[in-house]
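You will see chain A twice below: alongside chain B first, and alongside chain C after that.
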Partner chain A sequence: MAARRHCNRVYVPDSGFVVDYLDLIDAVQSVADGVLFGATYALLGIGFTLIFGVMHKINLSFAAASIGAAYVSLLILAGFKAPAILVFLTAALAGGVIGALVYLVGFKFIPLANPLATLMSTVGLLLLIDEIIVHSTDGVPLNYPALFSDVIIPAGPFNIRGDLVFVFVLGCVCMAVLLTLLYRTKLGLATRAVSQQPVASQLCGISITRVNLLTFVITGMVGGIAGAMTGAAIGMLSPLLSLPLTVKGLIVTVIGGLGSIPGAIIAGLVVGGLENFFQFFRGVTERDLYIMLLLFAFLVFKPGGLFATSAGRD
Partner chain B sequence: MLELHRLTKHFGGVRAVDGVDLIVNPGEVLGLIGPNGSGKSTTVNLICGLFPLTSGLIMFKGEDISALPPHERVTRGIARTFQNIRLFGQLTVWQNLWVAQNSAEQRRQNPVRRWFGGGGSAREDIGRTLEFFDLAHKRDELAGNLAFGEQRRLEFARAFAAKPVLLLLDEPAAGMNAEEIDQLDARIRTLRDTGMAILLIEHHVELVMSVADRIAVLNFGQKIAEGSPAEVQNNPLVREAYLGTATAA
Partner chain C sequence: MDFYLGLAQIIGVHTLLGLSAYCVLLTGQVSLAQAGFFAIGAYVAGMLTVLAGWSLVPALLISALVSGAVACAVGFPALRVKGLMLVVATTAFGEAVRLFFFNFTYQIQAGNLKLGPHGGEGFRQIRYFPENGWSTLDVVIFIWIVVALVMAALWWLDRSRAGAVLRAVGEDELAAQSSGINITAVKVSAMTIGGLIAGIGGGIFAHYTTHIEHIQFGVVLATFAIAYPILGGLSNVFGTLLAVIFIQGFLIEGLRFMGDWRNLLFGGLIVLAMNIRPRGLLDAGTTRALKRLFSSGKEPSGA
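So, the complex of A and B:
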């Protein structure tokens, strides 16, 4: 075995590196895990992008609200031993409620013409949600239930973690439901109509306030699921999660192209994979540095992102 | 059907609309004309609720609707088209019409079916609308990819999709060729004959003179004349507004 390993050096084209066979397996394994976990980033990116799509505003409190929703599901279900799937559902519902509150507090009565006003109100909400979490849990990380965490699926030289597969599948289901909602139902078409032509959609009988509120509720539910997925994948929740997730969500949104849902999905998976790739080769301390460099490269060379949306407004 | 009482809108010091009284009756086309900047578009924007009034009153079907938000006015039966086309470019022709179905009658549907269903119940209605506006062969094209004349027709069709009783047409003939204007003329007449009230803003004088039952003329935000097309044409105040006074020249 040792001899075989020795003669199985693999040349990676273009990089000039010669990587040991087992190292390569580990690297691929790590990147694959990252891609699976990237579903979480994709959902967060979709949340940012959807709200940007309809309101042309960034909701900076989104990731914090998602973690908050995951916390709510923990607190509600801490008393009795609920199955993990119920925890996820509760997180989605809590996310929807928090989304509605964020809209009412941070957007409804804030002058939308001033681009900074809602940005500041959502920063305030981000800090507020973080503080509420810290005060209600004394800042101690809580364990989060995972599904299928003991399942390991062997696939050739690789091992696929059951909990990550679950997170990935759940993420894909969420995206499929969301895309169906947006492209096949009248509610979704109304949402897209508002994002393309706010004035005309009002004069077609669509209430912009209601569409905005619904968008916040729906993205909130998606966020709640993303929060629960994060908790399930890393096995715990901590108030320290919300800021890095905010940054990741924004990076995904920018790389995917503001307002583009397919962009957010692809960028989420790519960022998830690259994160583990850099972690594998450069260590956890340097990992985010390279992701930031990637963001920088996009901002300089492709500021519109992977899927630059052609603005539908005139 | 629609009554405007002393309708007034000031933008800062500019009196865009200044005490206009106007009545539109069912089954009637009222042409609203005037030089550029005379307040025609502002009047339409006020009727559909895009800005709040400075003062005055808008009565529709005997109710004061001056304070209602725009989407509720649509529900009550007021629809409009835009001078500069504002279609939902990333939606198909069919979807543009589906999204616009928001009349009170259409709202009475079960909300779950209405918002999450596939639009089955709307299919027939939309099909007829597409036929009437000669867009049936384009139903699955993105609105943004249509030719200019087709986009104008879709604007009209989208306003019609909400089953309005009062239709506000803001320069529907702008940029159209003679044949398209003839078709537009015929469609306006057909709709009028179904009892719809139509307020038509138009620069194309021939169309207004041909299709309008009455014409009101605005200048500097005030109504300076009203009457049949022939009366308005011979009104000295109207000639003055369009051509300038002899003394001023």
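So, the complex of A and C:
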């Protein structure tokens, strides 16, 4: 308790409700950083939403796989001095491969009518991926390269960190590509068809296994980029990141509305911003408590999320 | 010997945790809030024996009631949603409970010691067993009596009308609702029973470890709680017990000689088990086969 009081005195002025100008700037700055970092949460939320949309299954190993992909991308740095952008691309590719493996090991051979079994198999995969990381790195966090980390854009009284802006822009690009893929291509049409009416789409000649596999590959790539973005924004990678990211990704999915990509994007940015907001005013130990309570309130009063799709026939 | 007694304690307490999730899973709901109820039970029972000087059994009863009441209160809003939403809602609740205890400090001065929960440092000195001269063996016997009582109660529940109602909701909500079952009431009751059991389990856990910390009650514990019944199968309570012995006894303790590789194998074996036996280790088919085996063995001697 004493320690926290001390913390508060550093951040929040004792003058009660009158927050002076400098503190206000600090608060806005920290929320803005959070919103930029929220792009990571948005991408993770999209991954969960897409897999749930197509298979009506939860893939709890998704965030762990994303972190795993980011780790794999570090391997090419070990070989030669690769530019950071190449590292990001490798992360995306590795994410796709891991996504396919997750589908084959955790979903392909388990009967669809049994949601508990796939839930459990993805939990097993989450533990497995985490342990593979711990095993191959001896549990030591690794540094991750960032782009534009030395650039600081001054904007009035605020300073915008170049690496966070890069992460944010990259996230936006990913989302745009993903939306185009889903709404402008044949594959996207097939994916949406399977998510709405699996039996009918099968009758139209769509191979469900193929669509599911491709969904896992695509979400895996998105996850790989999200993992790399997390690494770049934090500056390092650790297997300890995977559980908090899983929880945050699920929260974003639910607040945004299940199956809604715009919802996941907005919810990701909002959660990122709020996280830093609470951290600024209440300290790091209480930060997540408020996020959880907010989510709980959301589920009680607006269970469909921000952008609930109207319940389809199924 | 102490090693095996310690293992028996862990298996007993985790069986209680698994059974609390088993009740909720029977109605087809996946709740990751069990670790939260377990934490509430642990802190409440610990505070009652350490700060208020109660004896263990009434403290456990109160901790069970508190956890059950919280579970009931959480059940109403949480069970309005299902599937992924419920997983997330219950995860959020469990994490909120954990973070509450992370920030919760309530200490009293006792001699030159400060007793009670102390935020991030946790709750030390829950010394009820050593102070009252319980040996490790006494504790093991006590835990397993509780486990046996809970398992017997659930076994009986399974065979009563109430158990049939729970399973009906789990199998097909729509059909259950059509035949006049109030599914909200059923789900909330299952959640409450789960909370009661988790509260007892948490209370015992606090006393045999003597030191509890918020980090012990995180998402990992919640995942374990649902892993036991799912891995063991939902056809009866022994599936959960079998899975706890498999995970705690074999995967965690039995494979210790493998060093680092054990953790790798842990996740891998769970994935493998779900691929081979998607309905759990002890599913309905195996139970029937076992029953036939035993009854055919009996027939000649009985005749």
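Following the convention adopted for this analysis, the second predicted complex is superposed on the first by the 295 of 314 C-alpha atoms of A that agree within 3 Å, B and C clash if a C-alpha of one lies under 4 Å from a C-alpha of the other, contacts with A are read in each partner's own complex, and residues count from 1 in each chain.
Heads up, the rule we're going with is that a residue touches a chain if its C-beta (ideal position, glycine included) is under 8 Å from a C-beta of that chain, and two chains touch if they have at least 3 such contacts.
Computed from a prediction, not measured in an experiment: that's the story for all the values here.
More residues of chain A are in touch with C than with the other of chain B and chain C. Of the two partner chains placed by the overlay, neither chain B nor chain C lies in contact with A:Thr219.
By the touch criterion defined above, A:Leu258 reaches chain C but does not reach chain B.
Judged by the touch definition given at the top, the superposed model places A:Ser66 against neither chain B nor chain C. Look at A:Leu189: by the touch rule set out above, it reaches chain B but stays clear of chain C. Look at A:Gln202: by the touch rule set out above, it reaches chain B but stays clear of chain C. Contacts of A:Gly124 after superposition on the shared chain: chain C is touched, whereas chain B is not.
Contact with chain C, but none with chain B, is seen for A:Leu243 once the two complexes are overlaid on the shared chain. Touch criterion met: A:Pro111 reaches chain C, while chain B stays clear of it.
Chain A residues in contact with chain B (one complex) as well as with chain C (other complex) do not exist. Looking at the complex, you find that chain B touches chain A at residues 48, 50, 69-71, 74-75, 79-80, 82, 84, 86-91, 95, 98-100, 102-103, 114-119, 144, 158, 161-162.
Within the complex formed with chain A, the residues of chain C that make contact are 25, 30, 77-78, 80-81, 83-85, 87-89, 91-93, 95-96, 99-100, 102-103, 105, 119-120, 218-220, 223, 226-227, 230-231, 260-261, 263-264, 266-271, 273-275, 278-279.
The residues of chain A lying in touch with chain B in their complex are 181, 184-187, 189-190, 192-193, 196-197, 199-208, 312, 314. Those residues of chain A whose C-beta lies close enough to touch chain C in the complex are 1, 4, 52, 56, 58, 105-106, 109-111, 114-121, 123-132, 134-135, 243, 246-247, 250-251, 253-254, 258, 285-286, 288-289, 292-293, 295-296, 299-300, 303.
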